[in-house]
Amino acid sequence: MIKGIIPSLILTITALFLLLLRLFKIKKDWVGLSLGILSLLSGIIFLPYGISENSLPTLIQDDLAIYFQFLVMLASILTLILSWDYIKEGKWGFVEYSSLVLFATVGMYFLVGSKDFLTLYIGLELMALSSYVLTGYTRGEAKAFEASFKYFILGAFSSGVLLYGISLVYGSTGNFSIENALGQFQGSTDFIFKAGMLMVLCGFLFKVAAIPFHIWTPDVYEGAPNPITAFFSIGPKAASFAAFVRVFWWVFAPASEDWQFVVYVVAFLTMLGGNLMAIVQNNVKRLLAYASIGSAGYVMLGFISKNDFSLKGIFYYLLAFLFAMVGIFAIIIYLNKKEYSEEKVDDFKGLNKKHPFLAFSMLIFLLSLVGIPGTAGFVGKFFLFGSAIKGGFILLAVVGVLMSVVSLYYFFRIVVNMYISEEEKMEIKNSKFLLTTLIICLLGTLIFGIYPSFLLRILSINL
Amino acid sequence: MGGEEMIPVSWAIFLSLALFTLGVIGVMIRKNLIILLLSLELMLNAVNLNFVIFSHTHGNTLGQVFSIFVMTIAAGEAAIGLGIIIAVFRIKKTMDADTLKEMEG
Amino acid sequence: MKELFFLTAFFPLLGFIIIGLFWKKLPKNIVSIIGCGSVGLSTITAFASVIDWATHSIHHPVFKELFLWIPAGELPTKFFGLKPLELSFAFQLDSLSALMILFVTFVGFWIHIYSIGYMAHEEGYNRFFAYLNLFMFSMLILVLADNLPLMFIGWEGVGLCSYLLIGFYYKEDWPQNAGKKAFIVNRIGDWGFLLGIFFTFYIFGSLRFDDVFSKAISEPEKFAPFATIICIFLFIGATGKSAQIPLYVWLPDAMAGPTPVSALIHAATMVTAGVYMVSRCNPLFRLSPDAMLVVAIIGCLTALFAATMGIAQRDIKKVLAYSTISQLGYMFLAAGVGAYAYAMFHVLTHAFFKACLFLGSGSVIHSCHTNDIMEMGGLKKYMKTTHWTFLIATLAIAGFPFFSGFFSKDGILSSVFSFGIHHTIGYILYSIALLTAIITAFYMGRVYFITFWGEYRGKGHPHESPKTMTSALVVLATLSLIGGFIGLPGEKYNLFSKFLEPVLPLKEGLVEPPHHLPLKTEAVLILISIIAALTGLYIAYKLYVKDREWNFVKNFVSKYPNLYKVVFNKYYVDEFYGMTFVSGTLKGAEGLAKFDLKGIDGAVNGVRHATVGTSLFSGFFDLRFVDGIVNLLAKFLGFWGNIWRRMQTGILQHYAFILTFGIFFIITIYLIFF
Amino acid sequence: MDFLFKIPILSVITYLPLLGAILILFVKKENTKAIKFIATLFAGLSFLVSIFLWFGYDFTKEGVEIFQFIEKANWIPSLGVQYYFGIDGIALLLVLLTTLLSFISVYCSFTAITFREKEYYLLLLILETGMLGVFCSLDFFLFYLFWEIMLVPMYFLIGVWGGERKLYAAIKFFLYTLLGSVLMLLGILALYFYNTTGFLGFQGLGNPPTLDILHFHNIGLPANLQFWVFLAFFIGFAIKVPMFPFHTWLPDAHVEAPTAGSVILAGILLKMGTYGFVRFSLPIMPEATKQMVPYLVTLSIIAIIYGALVAMAQPDMKKLIANSSVSHLGFVTLGIFALNPSGLSGATLQMINHGISTGGLFLLVGIIYERRHTKLINAFGGLSYSMPNYAIYFMIIALSSMGLPAMNGFVGEFTILIGAFHNSWVWALLAGAGIVLGAAYLLWMYQRVFYGKIDKEENKNLPDLNLREKLTLIPLIILIFWIGLYPKPYFKRMENSVKYIVKIVSPDYYTKGEIK
Amino acid sequence: MLEVFFLILAFLALLGGVGVIAFRQPIHCAISLLLTLLSLAGIYLIFSAEFIAAAQIVIYAGGILIIFLFAIMFVSVREAEKKKKYIPGWLLFLFFGVLLFLNLGIFIRSTIFEKGKGLGDTILNFGGNTEAISHTLYNYYLIPFEVVSLFLLVAMVGAILMGGWGVKK
């Protein structure tokens, strides 16, 4: 019985240990980093152990759970490495930072692996709460607090909506199980079930930042510390998508047509709006925020179409997105000046001359986000658009590909700055940690882009 | 207690819905940061009411258990929220939420 | 020897390549040797192979396929199913092409010789000979080709050389314009020619003359309905090359080139390619009386119009140019009435006398350094040889008895007259042609008298030209004098028709053969044409020699200034074309370019500046343009980007409201649709 | 030549430039000589190896066997994606054109590019790999990979080494072409699903998943699906070609690109669109193609006339040539959609011709641009005095571009027009106008640039062509005359490939001669 | 009888709710929230959730609300009086809030609620409400229960981290 939660146990214990260290005023940053990474790695190693075991009442260990748990842990590892310089520079203390990231990971672990609304909710809240704290963690800046506060209020608001939805669903079905919720579902006349479903939908849409629930994203992305922004754009998002998929493909499967229609509209708006808004941004982080909103739209293509391509697409795309985002943020941190200032698109001017490798990596990540073949992003999009075509959502697929083209336009503003503008004003740090992250991400993007069968062979997600 | 025969479930649901809506409205229209938090609590209470009612309707205690968790989480959220509010207050010297608009667009 | 006839074409090519590759290094005398030598060699080859062929197998054309050129797959044809489109580099030697190569190489050779003197002091001597050699090559390909596409190669090749040589003096602008005009007008004709080729393949499933004609002859009724359109398209090609209405406008301008070029290309050889082509395709034309009538009418009208235009010109070469157009009109008239042999005969005699005239005029220009006849005069004293040769050629073109032009022109006139026996229109054509003959005699007389008689009016001292030039004049004048005797009137004595009989038979196809006139009528017609020629010459003599002060002409011009102006300005046809087709095309091009360009301005920039009003307004404004749609879209996207962006006020409560609105929105759409 | 079938010659050709690019990566930026040497060496090697293809290709084979030099390996088994290389006669010619023009464009850049040489040659070589990959691929996934990858180096070539409005032109190029290709991706996906499980009411064929292009040839798609898939592919290819309403990116990209960029863009990149029609649209969606032919031909004819007219009014030499490309490519598409062997083989030949002639013209404009730093026609005049050799080369290539007989352009246009004629004589009539206009705008430009008096001081002492420049042009001129006078080897090599396509499009063609 | 109780309590709860969003002073709002909390506790009692009712009073009224009062005391109170209490355009927002209410109301209106089973049997099985809850809590929901302790830990750490800012400097 314990096998299923070994990874989360490892993480929890490490996090608690780190807190304890902090309590005794042992501020060894490297301990925080190394223990954090170690625990996450061992967590990943122990992940497959629970796979055959399904005896836990509230947790499930199926392919979906394992893969996405892997994904969020990977995200956390990369975030930790990425954060090193940033946190060290501000002398904010890596130990408690590390433990907060671990707590968030535990939350995501349960969010992904729950087969019960209660567990799901608790996981969600743990993740969210750690995120609020992480948002306001470092800068001691009005902006960070503003972001944190906005995130907190809106997050709590949306989880209130989600919760209200859950309560209505409970009112209809009489239990919280995700696996067997349908015992008492009364078909199309069950209105509170549907009302609940819609509100749960709204709650999840908030978490995955779909339009019109995206509204928090740009501000939070901008205000949060850079590594944390990277983390938000991948970890919680991936975990939320996994839970989203699980809830809607399982619990609300009988009402598929109902939510598919709604999600259709939302996905449409999300792809359109996210990418269009990104056009007019000058702040890189806001630009990326909108780009990630647009990406959520693509992922929703897989979500809505519900076929054998869908999960592969969602997972692969999120993985690609993870590599690209972490990589891009690594570069942003590289470029970060000592004094606080906004991360402008112009900051990239002349990067190629100064540091060609950074520029090249940035180019690859951006191409991956656009979905140019040879990068992991393409494979992800290939599956996502494939699933949309297969599901018959041609219009969405068309909008999706068109918006990919639009995304090229705004991403290439950065490329233009890097490669074509001659001006150079940035100072570049020298950091092994950032470089490591960058190389991991670059390799991930390229390897999974050029030889995807390596992953696809493993990836036989079934529900 | 045996009151269940007399009180229509829909009344209670409407009450909870009304409270929920009041909470939502509060978050939308009030300026004061603390009152935003209070409104959030209102929303959570509406949820709790639902859980209790449905727990009663379905004859299981799952809903009640959930509502305990909700309370716990409400407490945690309040703590964090107030922490953030105080920090914001220290920097901004104001409790108006609409002054927090450094980031836009 | 006869199998090597195709080498005729390749000697000049060799010359061209040698001169072309080493044009910078070769000295002038070597270039002259190569240039003239290559043409001389090909002349020898031509004569040798033709004699060999004519003595042994005059009724069997010789074919020589060098290699398969374009094998482009099977195409469905009208009558013959799927036929492979296989074009060869292949040549044929029959009486028509034999005739052509003989006179082309011969005249060409003498003009090369002439050029040595004429061009001696010009810049670009080497270039000139290279082009001339290339021209010879193309022309010989044209006449030797055994299929239409290969003929087309030569056809365009001579057009190219014509372009290059007209624009030979590239410092000035107007030769360039003239060259360009020539090329483009020719291309318009070629457009028709190409379509004619395509039609031919579609109907006959082959492009070899031999195949096509044998099919056409064997089943005339079957192909007759399609022959008209083929012939009309081919004739459009011919009007371009041979400067017929409506595509004649390039030829007068083409006089911008050096005079030997005018003589060779724009008088003797290239411009007759159209006549050659029509004659070559006579089996097709014979299937279609309508097409032939069109040819005849166009030819006749061209003859008259060009002749009238020639009256008022002051540029000696322009007069000759219009006379060329007019004579070409005669040739087409002959072809149109079915007298192909006479058309070819006129081609031949015209080549002699017109080349002679041009070379003579070149000689005059060479010594006076002007083209304006009003600045010449009295040259017979200074330039004896030139004068005599010019006189002979003038008499020949005017149709003075027993000069070469007399025989060919008389043959044409009597053919047209006999055509009138079947078609009343023939008599109209005949009278026009006769009128043209008078006018021709008149304006040629005018030029002659103004130039060579009276007093010298120009600057400097005119002098006789060098030997290289006069020798050519003498040769050509001799031929103009005696060349006509190979085509005496009457069937029995006409060696020329007999020679051409295998290719240009008198009786074939659906068209009535020219009626044989009784001897009496023939004699009367001859008399009439003699009178016509003499009348024209006499009027010229009267007006320009007797009347020393040219009072009559001056009075006439001052009395009818407008008439004079119209004629002097060539009926404003050039201006009309300029205003309609040329500037229409240019205006259209500019308009389209703007239309294309409009999108460039602020297309994607629009994204940045887009605001509600401007984007919508200028968006609609832009819609007119191709890129505008994209533009509009970009602006629209930017506009929406901004709208979305404005939602991001930064105020928390607004965000909460948007969330609430989102929930409301989702529930509402759900309620509406379910 | 058996050994040729044993070594993966296509891969060797394709990746040699990439190898060169990788080597360049390790050379110091300042060492431009070494960089140029490596770039020339590898582009040249690739060209030399590709010559073997010309002799090794067995053009007597028919049917599917026209695809030779096959290389096959599993790549993504779960999707049925293969590493699948192979060429038929049409691709053979395009591969050769690519290697030749790439080599020339590397060689012609030695003096034109004066900064950031390392990146320049690197990108040029990567671009070559991408282009070769497109022509060699017989798997959709692989094809798409190369198709898109190629855009990136091209973007940089325009964007970094371009003219004044380079950024605009570069992003416009990228956006337009990407727009087309993403729609094509949807088309590919639709085919994939039709082949396997079916989608959206289309009963799938239930085959194992594959993206093998040849498998989809004549797979028998239902008519309405064909229509949509055709549309998706069409937009992609039409933008690339570019066909009439999609052409606006082309003048911008051409004008702003550096010389080599223009050469490659005009010479090869545009051919991918037309190649796409031949390889995909025709054999996979024959019914839809036939159905759409009237519209496609209308667009082609509009392009022919419109492009020529727009070209006529251009004040800039490069822009003029760019617009003339629209016109020439109009001929190519006309030939393709004539759907008969003559039209198709003419179109294929015309692709090569256009690459040679227009590539040559761009080279020439680049040469003068290097000397004078302007491309405006009215900045010149009387150049035949100061640069007589240049004038001659220009004349020859311009003549070839306007389709003078005995030069390459004529052979292509003639066969295309006769092919089009056999569908409808009106097509040939209208398209023929392009021949007239082609002469008009080129001669007019030639006149303004080379003739007249030299009225500008700068033009008086321009140096004539040097040896290197001549060497870049001479191969093209040799090809111009070779194709013009003896195109048989070319026609032979594509004969059966064309037959293969025609047989798929209209199975009765070779028996009844009907395009039905 | 219970109906009347319910209605009274419901009225009070709503009154409190309205008070939360209507009073100017945060302290008044907090007090009216207390009213709502207590009324709801009463309603819980009606629906046989004694443990929840007690927890409501203890945790909410006694714990959470006290934190709020602390916070309200901590920050300046006077400041709030000067300014408007609602943000500009609040009527529109209010309007949409009401619309949302109506929207959701449609769903609830159209649902036919079954007659409740009541908790009687369940509670009897376990021997009491609290026992029943604890049984579920410690058996079925053991893991979430443990996780929620982590949640509280994070909340604590977070509150310290957040609230501590500015103090150090």
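To keep things simple, chains are lettered A, B, C, D and E as they appear, and every chain counts its residues starting from 1.
The rule is short, and it goes like this: a residue touches a chain if its C-beta (ideal position, glycine included) is under 8 Å from a C-beta of that chain, and two chains touch if they have at least 3 such contacts.
This is a predicted model, so every value here is computed, not measured.
Visitor: Moving only to chains each one touches, count the minimum steps from subunit B until you reach subunit C.
Guide: Steps on the shortest route: 1.
Visitor: Is the number of contacting C-beta pairs greater for A-E or for C-E?
Guide: A-E
Visitor: Return the chain label for which the distance between chain Cα mean and whole-protein Cα mean is smallest.
Guide: Measuring from the global C-alpha mean, the nearest chain centre belongs to D.
Visitor: So, comparing C-alpha centroids, which chain is the farthest one from subunit D?
Guide: Of all chains, E has its centre farthest from that of subunit D.
Visitor: Which chain's mean C-alpha position is the greatest distance from subunit C's?
Guide: Between subunit C and every other chain, the largest centroid distance is to E.
Visitor: What is the distance, in whole Å, between the centres of subunit D and subunit E, each centre taken as the mean of its C-alpha atoms?
Guide: Each chain's C-alpha centroid was found; their separation is 70 Å.
Visitor: Find the geometric centre of each of subunit A and subunit C from their Cα atoms only, then give the gap between the two centres in Å, rounded to an integer.
Guide: 76
Visitor: If you average the CA atoms of subunit B and of subunit E, how far apart do the two points sit, in angstrom?
Guide: Roughly 5 Å separates the two chain centres.
Visitor: State, to the nearest whole Å, the distance from the C-alpha centre of subunit A to the C-alpha centre of subunit B.
Guide: That pair's centroid distance is 27 Å.
Visitor: Hunt down the residues of subunit A that sit against at least two other chains at once, touch-wise.
Guide: 118, 122, 125, 129, 132-133, 136, 145, 148-150, 153, 157, 192, 194-195, 218-219, 280-281, 409, in rising order.
Visitor: Going by the contact rule already set, what residues in subunit C reach two or more other chains?
Guide: 604, 645, 648, 650-653, 656-657, 660-661, 663, 667
Visitor: Touching at least two other chains at once: which residues of subunit D meet that condition?
Guide: Expected reply: 171.
Visitor: Name the touching chain pairs, would you?
Guide: A-B, A-C, A-D, A-E, B-C, B-E, C-D, C-E
Visitor: Residues of subunit E touching subunit B in their complex?
Guide: 1-3, 5-6, 10, 13-14, 17-18, 20-21, 26, 29-30, 33, 36-37, 40, 43-49, 51-52, 55-56, 59-60, 63-64, 67-68, 70-72, 74-76, 79-80, 83-87, 90, 93-94, 96-98, 100-101, 104-105, 108-109, 111, 113-122, 129, 132-133, 135-137, 141, 144, 148, 151-152, 154-156, 158-163, 165-166
Visitor: Flag every residue of subunit B that touches subunit E in the complex, lowest number first.
Guide: Subunit B reaches subunit E through residues 1-15, 17-19, 21-26, 28-32, 34-35, 37-39, 41-42, 45, 48-49, 52-53, 55-62, 64-65, 67-69, 71-80, 82-87, 89-91, 94-98.
Visitor: Taking the touch rule as given, give the residues of subunit A at its contact with subunit B in the complex, in rising order.
Guide: Contacts found on subunit A: 117-118, 121-122, 125, 129, 132-133, 136, 142-143, 145-150, 152-153, 156-157, 160, 163-164, 166-168, 170-171, 174-176, 192, 218-219, 222-223, 280-281, 286.
Visitor: Subunit C touches which residues of subunit B in the complex?
Guide: Listed in rising order, the residues of subunit B that touch subunit C are 24, 27-31, 36, 97-98, 100-105.
Visitor: For a test of understanding, state which residues of subunit A touch subunit D in their complex under the given definition.
Guide: The contact residues of subunit A facing subunit D are 363, 367, 370-374, 378, 382, 385-386, 389-392, 394, 397-398, 401-402, 404-405, 408-409, 412, 416, 419-420, 451-453, 456-457.
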